[in-house]
Structure formats: C-alpha cells, structure tokens
Amino acid sequence: MNKISKRSKILYMLVFAFLIGAILLIFTLFKNAETWALKRVNQHIYTNGQLVSAGTIYDRNGVVLAQTVDGKRVFNPDKTIRCSTLHTVGDLSGFIATGAHYAFRSDLTGYSIIDGVYNIERHGEDGKDLHLTIDSKLCAQAYNALGNNKGTIGVLNYKTGEIICMVSAPTFDINNKPKDIDTNDSGRYDGIYLNRFLSGVFTPGSTFKIVTAASAIDNIPDIFSRTFTCTGSYKTSTGTVVCNGVHGTVNFEKALNRSCNSAFAQIAEELGNENLTATAERLGFNKRIQLDGKVNVAKSYFTLNDAVSVDRGWAGIGQYKTLANPLHMATLMGAIASNGNCPMPHILTKKTQFFNLTPSSTLRYMDITTANQLSDMLRSNVKDFYGDSKFPNLEMCGKTGTAEVAGKKPHAWFVGFSRNPNTPLAIVVVLENSGGTGIGTAVPVANKVMQAAVNSSF
Amino acid sequence: MTGAKWLPTLILLTAFQVLSAGQVVISKDGISKQSAIIFGLYIAIEWIYTIVSSIVRKKASPALEFVAFFLTGIGLVIVASVDEKLLKTQFVAVVIGFLCYVFLLWLISSMDRAMAMRLPMGIAAIGLLIITLALATNRNGAYNWIYIGSFSIQPSELVKVAFIFVGAAALEKLQSTRSLTQYIAFAVVCIILLFLMKDLGTALVFFFTFLILAFMRSGDIRTIILVCVAAAMGAALVVLVKSDYVIRRFSTYRHIWDDMDGSGYQQTRVLIYSVSGGLFGVGIGHGKLKNIFAATEDLVFGVLCEEWGILMGIIVILCFAFIATHSIKCAIGCRYAFYTIAAVAAGGLLLFQASLNIFGVTDFLPMTGITLPFISRGGSSAISCWSLIAFIKAADNRTWLGSRYHTEVVE
Amino acid sequence: MEFFTIVGRYFLPFIAFFVLLNCAFSLLKGNKKTGTLGYLVNSANGDRIPLKGFETSVGRSNSCDIVLSYNTVSRFHAVLSKHKKGWYVADTNSKTGTFINTQKVDSRAEVENGDSIVFGNAVFRFVDALVEQQMPHFEPEPVPKLYIADEEFFTGDVWSDSKNSASCAIINDSTGETFLLDNFQTCLIGRSSEAQIQIDFPSVSRNHALLSRQGNRWLIEDLDSTCGTFLNSNQIYDVQKLANDDILDIGGNTLVFKSNRY
C-alpha cells in the first residue's frame, strides 16, 4: 500500500466526530422534544400564540370547561364557572403555569416524539381529553362565597386525594380579558395569573399552631397535663410575644381553642429550634408536592436558622419568616383526619392519569396517635369555642388564623376538615389582606363552601 | 451481467422515489403533470445510467451514485413540496450536475489529460472568483452571486471542484515540487477572495479542504497544526478588527432561545419543527417550517425532519457518513496519488459541509449559512456536489477495469 | 390521499434504510489490494524489493515508499509508475540523476523488464511481475511436479558435496513428500492447484509463499498469506535467503529446505 493512501485514514477522525455529533444531536432532540414542540411559536399547535388544537377539558361531572370547535377554543358558557375555573383550566397563552392548558399541554395536544404533531395536524381536535377532579359548580359557589376578597379556597377529598374545588382571586373572564390587565397598577390585578391555591404562599398565623402542637405532643410527654399562664404577653430574654387577649391559666387544649399566643410561644421556647424545625419539615414544610407529575406546587417555608428566643416564639404562632402554601395546609388537614397520612393530591381523575405517574403515593406526616390527638383538639376548637352552629351537620374540626403581614392588612385563614366519614373533605380558606379575623370572616366563607361541597359529587 | 446484483437496490430506490414524489405529484387538486414528468425523467436517468454503467464498467459498484441519486431525489421532492414552480429549474441543474459528473469522470480517466488541465483550471477558478467579486450584488449580506439574464449562479460552488482538481496531483508532480508554496498561494488567493465576498461559510469549507489536501500531499501533521494556529490567530485578528459583524453571529451561538424571534429565529424554528415531526414526520408538504426564509436551502434539514421524520434525518446523516467512508475505502486501495488525494478531499469536503449545515441549524455549531450537499435547493450546489462525486468514483479501482487508460489488476 | 400519506410516513424510512444498507455492503469490499506488480532487484546484494503500488516513490526520505539510504540518492529521487502502456520512471529533480541502461532520464522514460535502473550510484534491475509470470507459459509444457518418495535420495551419492551442480529440495515434514527444485526458476507454495508445491490444508492460503532462484541461492517470500510464513520460527515480511536445513512453517505445515551448497 502506498504511503499517500495510508494518509486517507485521517478522514476517519472526521467521520467519527460527525457520527458522535449526530448521536448527540438526536439525543438532544429526544430529550427536549416536548419542551420544544410545545413552544408557543409552533404553528402546528398554536395559532397566534394561542393553543387551539387540543382535547376537551371536562370537570368531574363531565361538564365541558374548554374544547376546540371548528379550529377555535371555546370555554364553558357560564361566566361564573369561567372565572372560578380560570386558574385550573388555564389560559391559552400559557400565562397561568399551573393551568391544565399549559401544565398538561403535551397530553392535551397528543404530542409524542414518535408521531410528532401528526395526529393534531391531521385531526384537529383529536388530542387527548382531560378529566379534572374539580366540580365546576362547587367552584362557582366557592367563587361567589369569596366575594370581593382576594384569596383562595380549596377543598380536598382526603380519602382519595382529589382536589374537588380550587378557586383563586383575583381572576378574570377568559372570554373577556380586561384590556388593562398588564398595565393597570392599582393592585387590582396583582398576581392575577397566579393560582393562589397551588402557587401562593402566605404567612400562616395561628393555623401554624397545629404544627407547634404536633411538635409538643411528640416531644413533651406531659403536655396534656401542663398549664400555661397568659398575662396578655410572653416575655423572652430577647423580646416580647404579644397575645390576642389575657387568657389567665389555660391547659394545652384550651390554649389551642383560644389560640393563646403566650402559651404557644412558651411551648415553642421549650421545644427549641431543632424540635420545631424537625416537626415542621416532617409535616411537609420546605418540601415539594407535585400534582400528577406535571404541576409543581409552591413549597411551604419554615426556618429557624439564626433565630433567637423571641423569633422562636413568633415562629411557634405562625409569624416570623414562616410561609404556608394552601394546598399543603389542606393535605396537613387531610393527614390529621385520616391517621396521619394523606393521599397525594391530584387534579386529574383516574381515567386521564395517562402514564399513572402518581400511582398511590401518600404524604406521611405523623403517626396515628398524634393525628388522633390533634384531631380531637381541632374538633374541640369548633365544638367548644367557635360553636358547631357555625358548621351545621358537618362534625367539623379546624383552626382559624389571623396572620399579621408587615405593612398590610392581615390574612384571615381557616383550615379544617369534616370528621364525618361520609364527608371526607378538608378545606382551606385564605382571605388575603382582608382585614378580618379568621373567626369573623374566614369561618362563614368556609361554612358556605363546605355546605355546598357535602352536597356536591365529591 | 454483473450489474444485475444491483437490481434489487435500484428497485428499492425507485420505489422510494415513486412513493415520495407521489406525495407531491398527487394532491387534492389532482395530478400535477409537470412534476410527474420531471420525476419520471429523473428515475429514467437513474435507470439508464445504472444499466449503461453496468455494461461499460462491468465490475464497478454503483453504490456511491445510488446514495447521490437518493439524496438528490429527496432534495427534488422537497423543492416540489415547497414550491412546484422551482422544480423545473432545480431539475435542469441536477441534470447539468449529472452530466458534469460524467464529463469529469471521463476527463480524469487519463492522468496525463488531468495533469494538463490543472493549470487552466486554477486560472479559471481565480478568474471566476474575481469576476464574481466585480459583478456580484449583495444577497443576504454576501457578494457571492452573479446574474446572467434570469439565471443566477454561485461561482464559489463551482470553484470547489477546481480547488480540489488543482490540489490533487500525480505522485511524480508531488515529488518534483515538494514545496507546497505554489498550491498554498493558490489556496490563499481563493480564500481571501471568498473573505472579500463575505462568504465566510464557504471560506471555512475551502480552508478545511485545503488542510486535507495539504496533509495528503505532505503527510506532515506538524505543518498542518502550524497552519491551523496561524489561521486561528488570523481569524482572531479579523474578529478584533471587524468585531461587530462576527461577534453578532457568534453571540447567538448556544443562546438561540434567548432571542427566539430575533437572531435565533431560524435555529429555534428548525428545532421546534424538527421535533414536531416526530420519528415519522407530519407528511411531505404538510410542514410549517417551509414558510420560513431559506427553508429549502440552509434549513432544509429541519424541513426533512419535520415532514419526513427524524428517522429520515438519521438516514441522511448516515448517507453523508457513507460517502466519506466510501471515499476513504477507495482512497486506501487506490492506485494513483491523484485519485487518492482528490477522493479524500472531495469526501472530506462533502462531510464537512454537511456537518456545518446540520450542526449549524441545530445550534451545535455557529450558523454559517452553508447548504446541505445534494438536498439543499440551488443549481450551483447540485453541480458542484455531483462533480465532487466523480473524484470519489475515480479512486475506486473497479471503475477503471477494462478502461482504455488503465491496466487490469494482476491477479 | 390520506392512506397514501400514511403509507409514505411509515414505509419511506424503511425503504430508505434498506437502500442505504445495500449500498453500505459495498464498503465491506473496498478496493482490492494490489499484488506485487514488479521488483527492484538490488544488484549489490540481490535484495528483491517488491513494487506493490502503481506509483512508487523512491528516495532517501522516510515518506518515500521505497527508502534508499544511500548518500548519492536524493531525498525525493524518482517515481516508478505503471500505466496501461507499461512502466515509467520519472526523475523528480534528483541531484545525481536517474539512469535506465546508462541512459539518463530527463523527466520520464519507459522501462522494461530486465532493464537496469540507477538511482545515484545504487544499481537495480527492474523485474515486471506480469512479464516474469507469463514466462512459464511460453514453455512447451508446464514442468511436472516432482515427487520423489524415496528418502534414500538424500543419503545416496547424488546428494553429496562432491556433486558438481547445486541441488536443492523441499521436504514436507508432515507427509514426507519431497520436491526437487532444480528445474524451477520460481516455485509457488499454496493451496491453489497451480502451485508447484501444493499443500491442501485449510490454513494454507491459495498463494501462500514464493520460492525464487537467484543464482545458486533460493529466496523465500510471503505472498500476503493469511497465516503468514515463518522461517526458523520467525515470521518473515520480506524476501529471505534460504540455507540448508532451514525450517519453513506454512500454515502449520513444516517444510525443510535442503541444499548441497549453502
């Protein structure tokens, strides 16, 4: 063989590099297929940036929330339903990231790397249909109950993990989007694209006392025989935690009934940073919940790093840096109601959980004794303090909260659940900067929604 | 007839072309007569060529031409699916390219004739480039097109052939003029002229081809590294001097999603529509990428992936790897240095150009505006690609068995 | 219409794949290796340098195909090339010049079998393998294979130092067959039926090795056999001289070379 022809082998290097590059290219295409194909500029799927070719979205009763008719996306004819389900169904341009139109866009359009957009392209609306767990009628009722408040209401079936109601305000009518939505700076549309139930985090206020109580039950053996003296405030070495009243001498249960800040600051002080943080994290703070493998829920936030005793006191009653996500609080209620475990929440009914991404995972928060003791205490809150008349025929357990927010009016909270095995529903109501108290404003709203919910098809 | 063993492949190839051309010939509006005739002629050329060559060159294997016909066929169907009016022009260019291939193969079959043609070729190449520089009008920022009546040609494509023709030489010529000086001078003039035309992509292709030719001639890897370093420093200098034009091009690289509707427009659309096609594509003529500027030229790989499917994209990639491997295989056993050098340079050029295009539009490399050989629309490109195939074909000993200029192998 | 598109979508990639696969099979073959086309026989020491390509560069430089380490040879001295019409020698600007039969080569000159070629002061005789191979055909009938069963042959008077003419033979150690080489110029060893010494054995290539006479000496050369040729357990890559009692290994068969002179 000639010496010159031997040199041709150098070209093998280029062929090799070319093939390696090609493998990387194909790998990258496959890896990013869904992200890229579902970009809003893809004219196979979107027209003028709006999702058009997609399957129908139904609620749990088969009510059509959105569908494609003759190349146009059509929403439910009822305006209240449109407004109340806006954040669940989502807009067509993907502003609402947790909305079904965006979060489940690959399922809705039927896109797959194997067939590409072929089916959408050929058959128009032949994407897969979505069946959501929400009850649109209940959502409309919850939306009405919310009135003019900003905030969120969510109802969770703690037996199945289905979210049967999810409303977030402010909202708008998708068929009649306000023109000034992006320009108005009066604060009217603040966070309008945010589904507060899934993506919002709020200072939990007194509702966090449930977490402090859980920590006390686990770490202080004689907690139920303890008494605390409330003089209207609790002094620590570094500052004072102010109480909402002067409660005198109270036991543990009473302290929770009355929501006594002095008592809980004292308990927090006794528990210390480590115990309290450990319990909070076991109960799902700082942890991510994901719905149906696609929708990321905002993390609840709790920290006591570098906290001094007065901070610990404030943290024990749900102030300080603590932030809670409403859905997370609902799962916490669900866990207390059902022996410490709550099924993973989801918004797709079983028949549309395509790849069964969330088979039967469970959020394990606490052991059965703690759960039952907390359940009894929360029941006592309603029975002995708020009054069962506030929640007729529900066997309701719960806790209110009035969360102080720096520079703004406080949030009114109610978290609770029905202990009746026939109505396994947990509810979270957050009225954002409403100025009212938990008992005064959140409880009536919660009752309205719960009454409607038990009559719905949960 | 030994050619008969190629019959099954030819039939498969024809089936492929009938099936793919059928998608554009038969549409909702009925059958397009003109397209049907053109594709019919194309397939006829394929058959006639294969049959004639299997008689004339009994032992030659037509594998390389099949791949070229295969790729060209895909290109024609894509042109027809995007704009049927352009099909005729493209087909004529392909036929001219094919005739150039046949002519060039005849031309270099006699080494003496080939050697005699090198000087005129070199002069013609530089002359053509100078004329282009004088006459060209701005087209997409580059001055690399000249118009003759209603025809437009891109001379830099044709010069590719001359560039390799001049670069390769018989062994005794190589021995007697050991220094590369003359050839380097020729290459530098070509590349500088391309720079002046602002045709950076083609200049890069020429530079790469020059490296291959220089290595094949001298076998000296140290010199090649030296040349590369010098070129890199030169390029750095150019970047420093005329910074914003070049930097603007490079700033998009790996950041195409940051400016989806601006500088990253073409690449992002290629990626979006490539994955939209999935493995099997949305069907020929049903894509959306074709509405984007230069869809059938620079972005043709995206159109291919979208309409024909990623699988077809993979097959096309393998076709280019095949052409390069084929040229190496032929060059290794080749009898004459001229064919060896020309084949490696031609195979390397085609593969390099394919890499620049495929990886350029998918943001693996900076986008250089290079066309995909055989498939991209463009007459000059079709002519140059088919001519380059002649160099590879010439290095295959089987081509020359029984030829009047070449000896039988001593068995 | 719809059906046609669906057929296209799924069948096109597969047809394309098979087209490419069929074409790719031709890669396996590649170009056939060229056999030895000729030799340059060094007149000083009788070395036979095979010419394996159609173009062979000669010079002192390492990048030449044939490296001649003589002071009088230029780094890039000459190129030998084979064309349809015959062989040519081109002098590539060497300092000391190239001569064919004492005729100085200007740029290119034809060279024929048996011509002497001089590079500087290195003298070679050119052998065209094609011509050399065709020589036996001119003989009236092929030389019959010699087969002497009698091992006594070697012990008898015939095989003695006193014998006037040189006499050489090959003994196949496995079968005991003996081949007398005296009537041959070259002698092919292999599985092929045309081989003078035919060894029908799977590990023996069709054309395995070549014995050739040079004066009174016999030379052995491997013909790119699959399993190689071993001389006294060393694999050989070039032409080697044989001496009495040398042991050859041809694909596992042991052959012993006998000579009364060397």
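Letters are used for the chains, namely A, B and C, taken in the order the chains are written, and counting of residues starts over at 1 for each.
The working rule: a contact is a pair of C-beta atoms (placed from the backbone, for glycine too) under 8 Å apart; a residue touches a chain by one contact, two chains touch by 3 or more.
Bear in mind the structure is a predicted one, so any value in this text is a computation, not a measurement.
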Chain nearest the overall C-alpha centroid of the shown protein atoms: B
Chain of greatest Cα-centre distance to chain B: A
Chain pair with more C-beta contacts, B-C versus A-C: B-C
Geometric centre distance via CA averages, chain B-chain A, whole Å: 57
Intercentroid distance (Cα basis), chain C paired with chain A, Å: 85
Averaged-CA centre spacing for the pair chain C and chain B, given as whole angstrom: 41
Residue list for chain C, restricted to those that touch at least two other chains: 9, 33, 53, 55, 57, 63
Multi-chain contact residues (two or more partners), chain A: 1-3, 5, 118
Junction residues of chain B - those touching two or more other chains: 171, 219, 279-281, 283, 286, 309, 325, 332-334, 337
Parts of chain C lying in touch with chain B, wherever the complex brings them together: 1, 4-5, 7-13, 15-20, 22-27, 29-37, 53-55, 57, 59, 63, 76, 78-79, 81-84, 90, 92-93, 108, 129-130, 133
Residues of chain A that touch chain B when the two form their complex: 1-12, 14-15, 17-19, 21-22, 24-26, 28-29, 32-34, 36-37, 39, 41-45, 111-118, 121
Residues of chain A defined as touching chain C within the complex: 1-3, 5, 118, 122
Touch list for chain B against partner chain C, complex: 8-9, 12-13, 15-16, 19-20, 22-23, 26-28, 61, 63-64, 66-67, 70, 111, 170-172, 175-176, 178, 219, 279-281, 283-284, 286, 308-309, 311-312, 315, 318-319, 322, 325-326, 329-330, 332-337, 395-398, 404-407, 409-411
Chain C residues touching chain A - in the complex, by the definition given at the top: 2, 9, 33, 52-53, 55-57, 63-65
